[in-house]
Amino acid sequence: MGAVFTDIPWGVGLILLPLAGGMICFLWPGIAKIAGLVTAFVVVLSVAGLGWQILDDGVYHHTLGGWGAPLGIDLYADGLSLLMLAATALVGLGVSVHSSGYFEGEYSARFWPLWLFLLAALNALFLSADIFNLYLTLELMGLAAVVLTALMGGRDALSGAMRYLLVTLLGSLAYLLGVALLFHNFGSVDMAILAGRVEASPAVRAALGLMSAGLALKIGLFPFHFWLPPAHASAPAPVSALLSALVVKAPFYILLRLWLEIFGPLSEGVDALLGLLGAAAVLWGSVQALRQTRLKLLLAYSTVAQIGYLFVAFPLAVAAGLTAWSAAAYLMLSHALAKAAMFLAAGNLLRFGGHDRIPDLDRVVQRLPLSTGAFALGGVAIVGLPPSGGFVGKWLLLEAALSQGRWGLVAVIILGSLLAAAYVFKVLGHAFTQASTPHEPRAVPASMEWAALLLAMGAILLGFLASPVLALLGIGDPFVASGVGP
Amino acid sequence: MSAAFAYALVGVGLFSLGLYALIVHAHLLRKILAINVMGSGVFLVLVALGGRTREAQPDAVPHAMVITGIVVAVSASALALTLMLKLVAETGRAELPTHRRE
Amino acid sequence: MTLSEYFSAALLFAGAFFFLAGTLGLLRFPDVYTRLHAVTKADNVGLGLMVAGLTVQAETWTAAGKLLLIWLLVLLTGSTVAHLISRGALRRGIQLWKL
Amino acid sequence: MEAITQLQYAFDAPLGLGLLWLAWRTLACQDLFEAVVSFAAFGLLMSLAWVRLDAPDVALAEVAVGVGLTGALLLAALAKLRSSKMNEDAAGQLGKEGSEVGRPQWLPLVVLLSVAAGLGHAVWSLPLYSAGLSPEVALHLETSGVSNPVTAVLLNFRAYDTLLEMVVLLLALLGVWTLGGTARRPEAAPGPVLDTLVRLLVPVLILVAAYLLWVGAHAPGGAFQAGALLGAMGVLMLLAGWRLRTSLMALPLRLTVVAGPGAFVAMAVITLFIEGRLLEYPPQHAGTLILILETVAALSIGATLAALFLGSRPQDLENR
């Protein structure tokens, strides 16, 4: 039994299953919902299976077509990829359950194939070790995300999606030009081979600039964040959850990999610039979030701020390595679960009250306790209060900053948390009070509430799992390999 | 000066020209054209520099990559044009609304 | 150069001349119909001459046959597309040019 | 030898400058129609550049997809844009578009000139010679099942890229259908001349597509070029007023469109179980398997591209 379980090729299944599922949903819209839910569930199982294999045998490696790099394409998964895949699968399952209630009729038939293709793109992205192949996964993910944003139509969503599309295409092209320069400089598009061959040259510096800028644009790093709040806030709630939790993390993952494998030793101050922009994003995003009167816009600006934390890790990691990178990975994971939960909860409140104006939230804490609870727990993780996953991530980051005496960054980390506390409690405060304009509530299915709550509890639970998660993250030493060939 | 570098430089020129137009122009059709010109520039860099082999045959891998890229580009363009038309039908303008503080 | 090469070159130059004339017509003629007329007619002849010129140099009969097929294909597509364009122009109410 | 080099410069210099000039026209001229036409001409020059760079496969793909289909899509979009009820507004915008060209924006200009200079320097500093992956490709071409190296890369060495690319194409159509294209103007019935011409042309184009598909194994051509030709044929038929029967617009069309990526995924699963790795063909059957894959892909690509041009969702058509 155990042998059969470990022999199943889970890794490639993570790509093929959602692709096949998406095609089935496209062909037969009548069974789209069931096919989608089954696929999301099987993907969770597959990640568990892959995790089992990785724990047993170490890093996962699959040479597609049997050729192997540099001629062929390799799939590769270590602890970092595994955690990203796990976050994708869990958020994906939660969002799928929520969506099965959220989308109805025609919209349901349109949502599922797009979402399953997005899931396939995310899984393929986290598994790929080939920078040209990563370009294709980026495009697949970007196009799917754009259409999902515009799914329900409407002026805001359409213009948000259009801006998002232009930004994501521009980012991809900049990235692709970087790929071209690296390929023509070193004769390979495989990350491990590039890591072994790379040395400073004008082409590498240009590639570093192009790829960092292109990916930062797709991530929405300050000051490239202009497209993010309109797109994330105007999309349907489950889509907002996917965008904020996963879609902005995927290009960050690529950037992280590129730095760890290729650019790390050649950074030449770019890390300081990224750190500075990250710090600016933390402050700007938090202040903007505090100023918003619409719940989903508040959450979208909060995403801008939380992305900033990931970049604060760059200058710290170049100096000290492991702790700061672990912090970034942990924050990425924690934010994925927490923000997905909060967007789903916001979707429930929106559906319940017919609006998402923060001052007019009418005693939702009594009338929609599970969703409000999910929002609060997610908020705890975003603020970084113990015992949440966000606390562990911020603590690790703070530790790295303190040990290097980077007082400016220490101040930013703490100030960002205080501001986050302010905007989360601003929402919760209104959740208790009676609004001046009462409204006719609309029922929210229990599945939609529980999906949000369970994701939020996951974000909290992550705080108790620090040592196993960090041990998992160490598999394959993703954070030690920088600049050294395989 | 070998042809590989000359064409690669033209590619860089196209990329920069497209980027400038993408930023400067407001009309969405023009922005979509700009993205396509940028893409052609990137493709030109990819293929042209593949001609630096000492043999007569250029490197086939970038050729395959560019064929892939061309198909991706037409997919993205089709989607962008549809989205643009939908936006025009909704708002009556083929431009993105200027960013306003909310 | 052999006699056949001179012959081939002459045909190629004649073909190029027709292309040039057709392009000139495309640029200088007054309306869409006359422009179409210029470009399709001259290009069909031009391509025919070029194909003939290349056929003289072709090493095998297959190659010559392929060249001929290419010309026939272009004749067919060219006339179809020209017809489509002029039909579209007529439907849009573009007037014929009159002296 | 010297004369040939000089002839090449006489060819390269106008081509390179022409590319830049047409790109500039595309992006800076006043009229949008002129911009689209300039872009099509730009694409034609690009395909000349591909031929010059010994990339005939790319040239074919560029002409069929980059010029033909993208051009058709752009022109159709422009026509819809102009016929939309906001005519006067659009006209106003066109005027504004013109005035915008007059005053260059200096900050982006300066930034971008430095970007271009930096990138140019980066390209310039690359090693003068680099074999890239061509030795690897040459080494394994024998066992790839085809002898055209580009087809070998697309369908064998990096077939997984092609799988994802097919999904991107499907996703684009899914997106266009999801967003719902605006309804097209009713087409006039094709006249007898057009009808005859199209009836004559369609079988010929199918033949040419089949030839391109078959020849792709050892010469320039292949699934994408053949598929693009089929797509262009579809566009031509649509322009001539021809429509699929509504019963075929539903599941049969969806099946055709999915067949391409579906065949890749099926092949991936089959090879996974036979050889243990994704898309690893048994060497003795590689040629046959690639041809099957390409045939299905070409048909599917053709249908997808034509459907992209048609735009609106089949369900909408059914309702009419």
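The first chain written gets the first letter, and so on, giving A, B, C and D; residue counts start at 1 in each chain.
In the analysis below, contacts are C-beta pairs under 8 Å (C-beta built on N, C-alpha and C of every residue); 3 or more make two chains touch, one makes a residue touch a chain.
Owing to the predicted nature of the structure, the values given are computational and were not obtained by experimental measurement.
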item: Chain pair whose interface holds the most contacting C-beta pairs; value: B-D
item: Approximate Å spacing (C-alpha centroids) for the pair subunit A, subunit C; value: 56
item: Interchain centroid distance [CA atoms averaged], subunit B/subunit D, Å; value: 13
item: Between subunit A and subunit D, centroid-to-centroid distance (C-alpha), Å; value: 32
item: Whole-Å gap between the CA centroids of subunit C and subunit D; value: 25
item: Residues of subunit C touching at least two other chains; value: none
item: Subunit B: positions in contact with at least two other chains; value: 15, 19, 45, 49-50, 52, 62, 65, 68, 72, 75-76, 79, 83-84, 86
item: Residue numbers of subunit A (touch at least two other chains); value: 132, 136, 139, 143, 146-147, 150, 177, 181, 183-184
item: Touching chain combinations (by label order); value: A-B, A-D, B-D, C-D
item: Of subunit B, residues touching subunit D in the complex; value: 2-10, 12-21, 23-27, 29-30, 32-34, 36-37, 40, 43-45, 47-68, 70-79, 81-86, 88-89, 92-95
item: Touching residues on subunit A, where the partner in the complex is subunit D; value: 9, 12, 16, 19-20, 23, 26-27, 62-67, 70-73, 110, 113-114, 117, 120, 124, 132-133, 136-137, 139-140, 143-144, 146-147, 150-151, 177, 181, 183-185, 187-188, 201-203, 205-207, 209-210
item: Residue numbers on subunit D that touch subunit B, as the complex places them; value: 8, 12, 16, 19-20, 23-24, 26-28, 32, 35-36, 39, 42-43, 46, 49-50, 52-55, 57-58, 61-62, 65-66, 69-70, 73-74, 77-78, 80-81, 84-86, 89-90, 93, 96-97, 100, 104-105, 108-109, 112-113, 115-116, 119-120, 123-124, 126-134, 137-138, 149-150, 152-154, 157-158, 161-162, 165, 168-169, 171-173, 175-176, 179-182, 224, 301, 305, 308, 311
item: Subunit D residues within the subunit C interface of the complex; value: 188, 191, 193-194, 197-198, 200-201, 204, 208, 236, 239-240
item: Residues on subunit C engaged by subunit D in the complex (per definition of touch); value: 73, 76-77, 79-81, 83-84, 87, 91
